[in-house]
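Across the two complexes that follow, subunit A remains constant while its partner is subunit B and subsequently subunit C.
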Partner chain A sequence: MKKFLRTYLPFASNELKRNMAYKGAFYLFTLCSLFGSFIQYYLWMAIYGSAQGAKLGSLTREEMVVYVFMSYVTSSLTMISVSRELGRDVVKGSVAMNLIKPIDYRLSLIAKGMGTVVYHFLIPGIFVWIGLELYKVFILHLPAVSAGNILWYLISVFFSFLIYVLFDFCFGMIAFFTTYIFGMQMAKDALLSFLTGQLIPLSFFPGIIQRLFDFLPFSSMVYTPVMIYLGRYRPSELCFVLGRQLVWVVLLYLLGSLLWKQVTKRLVVLGG
Partner chain B sequence: MNKIKRYGRLYRVLVSQFLKTILQSKVDFFIGLIGFFFTQIMGIAFLYLVFEQIPDLQGWTLDQLIFIYGFAQIPRGIDHLFTDNIWMVSWWMVIDGDFDRYMLRPMNVFFQVICEKLQPDALGELLVGFALLILSISKGVVAFHAADVLLFLVSMIAGAVIYTSVKLFFASIAFWVKQSGPFLQVAYDMANFAKYPTEIYSRAVRFLITWVIPFAFVAYLPAGYFLGQRSAFATIGAECVIAVVFWIIAYSFFQYGTRKYESAGN
Partner chain C sequence: MIQVEHISKEFVSPKKYPGLKGAIKGLFSNEKVRKTAVDDISFHISEGEIVGYIGSNGAGKSTTIKMMTGILTPTSGQCLINGIDPSKNRMENAQNIGVVFGQRTQLWWDLPLSESFTILKEIYNVSDEDYKDRMDFLNEVLDLPEFFDRPVRTLSLGQRMRADLGAALIHNPKVLYLDEPTIGLDIVVKDKIRDAIRQINEQYRTTVILTTHDIGDIEELCSRIIIIDEGKKIYDGGLAELKDTYGTSRRVTMEVRQPELFRKIDWEEKLHADESSIETELDDEKNLFSVSFDKNRIQVSDIISSVMQISDVRDIQIQETELSEIVKAIYRHALKGR
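Entry: the complex of A and B
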């Protein structure tokens, strides 16, 4: 364990430092992505204003405010792309260097991802989160989130992060077959924003599609942690959704190992 | 006149060169198309799901919103198709010193920038835009008269010019700070606000997207004319004025920037 940490911790801390170095650009990108949340916020407020009932998709207006901003925080913590770097390494051929080093390439990517998570947690995660709670307590006059919910939320977010990076690692292996990763990334991001509940709570989908989502890993990436944060699960359900996340971590890990073995067999690097 | 002919001929040569590179990598072309297509389609799926729950959105029907959404995609796609290279200027060309070669050739610099690249990914946006438009017309949401076709074309071009002006302006900042990609990204993303009726936003946001970065004039306002809510003069007329004004500002800023340009060297 100690050796494991000694090997992979530097990846995480280097990534954190690298992120810190290019602060200016990052602040602007953060602003960009926050715009998206505000568009959502205004849109939802207009939608609730036009609704007859108090609840839409089983969420009240106040819960929707929390949903919009917490899904932003959650996705900034969990949806850390490793496929971009994998793609770059494959296209440039530098993946060969990583294959001959005595480390697990995938673990090194995940460790780097952890570094980014820590950074996103500091900026802007924690600020948006605190801002949201203050808004909730002082403007909406609702009780603040309980410590228990925060704890379960953080555990769930950690699983979500693993599910996402393991999935993204599998996805990134497409780079072995095509060099134009950018277009694939766009398509993936668009689909995932929908399937994970980032764009709209999954409870808005027709029942039969929701059933289908229960059998896919995507709902575990954003929707599950946010619903835990909102305290929508009873203790027994909570165990079930966390268990389901864990199952996906294991399944995607195994799938990734399998695929990686297959593609590296046929890898040919010229130069690099 | 001769000059225009010369530029026209050059553009044809450069574009045909570019088309050859697309033909060479058909898979990439297709993937890019799919990427942008999906991104836009998800927005529509979102609207469908929401309208399962509500009869209308502050008086707007689903059909009307879809029309505005589709209408917004076309100028965006046109601009994306023709001037995508501006992104390269803001991200890499100035900082890498690649911009030098534009300065050395006896041709208009802006012309050189835009003719270096056509972005086929934009066809994804155009596809969605036209599909939604045809859907709206077939459903009778909008009635197109003969004269409207002309107004529609004018509005599309003016909208694309607004997009290009915003991109050019923010890319030009790179002449001073070397890399202006993040600024451009922020400004460009403001366009996402314009996919929905601006009434749903707070005053400050509305002011920002109307007068500072005028994306409200690209889709929401002119769409109002075709939905039969406002006169052509107040919508498409205003759009054209805004397009011209912002183009002049952006282009002079760009020109001023190229004079200030100092090569990053190598």
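Entry: the complex of A and C
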């Protein structure tokens, strides 16, 4: 374990440093995506304003505020793309430089992802989060989130992160077979913003489709942790959704190992 | 140390057609292009050897190195590096090897060089003491401190190459693979790199495999060379033997007092040689008379004494065939045999 940390921790800390070095571009990106969240917020408020009932898709107006901003925070912490880097490494042939070292390539990508998570947590995650809670307490006059919910939320976010990167790693294998991964990236991002509940809470979908989502890993990426944060699960349900996340972590890990083994056998490294 | 047995690599890639129409056609066709980059190559290398692995462009050198380092899986055949098969135990093998691809870097582009070294130290699990010893040695032979704190992307090619060589050695690997380590370097840096390689080999008995297009690297470093062409091994042996077998032609150039006397002489007859093994050339202006010949057929002393019978000789110069000429001849010969 100690050896493991010693080997992969530098990847995380370097990614953190690297992110900080290119902060200009990142601020702009953050601003744009936050702007998106505000648009979502105003849209929902307009919808609630004109709706009859107090609840839409089983969420109250106040819960929706929390949902919009917490899904932003959650997805910035969990949806860290590794397939982009994988694709780049394959196309440029720099994957070879990773294969000559005694490291597991996937773990190094995940460690790098962790570095980015820490960065996103600092900027702007924690600020949006605190801002949201302050807004909740002082403007909406609601109780602040409980420590228990925060704890379970953080655990769930960690699983979500693993599910996302492990899934994205499998997705990135496509890079080995086609040099056109970037178009597929866009399609994947668009599709996932739906399937994960980032755009619309999954509880808005008809019952039968929700059942389907239960059997896909995507709902575990954003929807589950945000609902945990909202305290929508009873203890037994909480155990179930966390357990389901863990199962996805294991399954996607195994799938990734299998694919990687197949792919590296056929790997061609370009150039040189 | 290194056993390569009947190793082959075949690349299969989808057939591409030119133009936009071709691109669409390519989408639906299933035709494949096969290219055998390495074709049934075997060799053994023992500990502490420095072996030059040479061949013309596209001969399959880099592909062989990639298979030996575990980056590519051979289509058939096997190699064992220190008893480990890199295609099966890549990680274990990686702990024992150092690799430099001259055209790429294994360093972290955005980070100061010092950081890259710290990361590598952790990755290879190098103890603090060993790290210090190694760094002292590397700093001395490669002059790293000059640019140790600069981000890698700001280094010049020569500095980056030194840094990369240092990075490949941080964990004291048993085998060092160098794929064109002197590409694009000036003479001084080249010398430094060669010196470093020699010292590492002497002090730590590191086995070195080196591909290069620079004959100087081979002459200065390698006692043994392996030549491949079109994926096939065409020569494997000592450098001295290579010169003995292929480099038998010599050239004597003499400055003579009366060059006009040499014009009418039939040298083949005079030296009892056949036409193919001798060639003469006369430079009237500089008074130079030169003879190229095969040293196994004709004695230098015979030529010189015959010349001296005709005219006084002021100066004599004897040249061996240069290694580059030999290598060129071998490449060309292989081309003809195709």
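In the analysis below, the second predicted complex is superposed on the first by the 271 of 272 C-alpha atoms of A that agree within 3 Å, B and C clash if a C-alpha of one lies under 4 Å from a C-alpha of the other, contacts with A are read in each partner's own complex, and residues count from 1 in each chain.
Keep in mind that, in the parts below, contacts are C-beta pairs under 8 Å (C-beta built on N, C-alpha and C of every residue); 3 or more make two chains touch, one makes a residue touch a chain.
Not measured: the values here are computed from a predicted model.
In the superposition on chain A, A:K2 makes contact with neither subunit B nor subunit C. Residue contacts after overlaying the shared chain place A:T264 against subunit C, while subunit B stays out of touching range.
A simple residue count on subunit A separates subunit B from subunit C, and the partner touching more is B.
In the superposition on chain A, A:R234 makes contact with neither subunit B nor subunit C. Judged by the touch definition given at the top, the superposed model places A:P10 against subunit C, while subunit B stays out of reach. With both structures placed on the common chain, the touch criterion links A:H141 to neither subunit B nor subunit C. Of the two partner chains, subunit B is the only one that A:I47 touches; subunit C does not reach it. Across the superposed pair, subunit B and subunit C touch subunit A at no common residue.
Taken together, the subunit A residues at the contact with subunit B in this complex read 24-25, 28-29, 31-32, 35-36, 38-39, 42-43, 45-47, 49-52, 56-57, 178-180, 182-187, 189-191, 193-194, 199-200, 204-206. On the subunit C side of its complex with subunit A, the touching residues are 11, 13, 62, 66, 69-73, 90-92, 94-95, 97, 99, 101, 103-106, 108, 110-111, 115, 118-120, 122-125, 179. Remark: subunit B residues 25, 27-28, 31-36, 38-39, 41-42, 45-46, 49-50, 52-58, 121, 181-183, 185-186, 189-190, 192-193, 196, 199-202, 205 touch subunit A in the complex. Of all the residues in subunit A, the ones that touch subunit C in their complex are 3, 6-7, 9-11, 14, 17-18, 21, 93-94, 96-97, 99-104, 264-269, 271-272.
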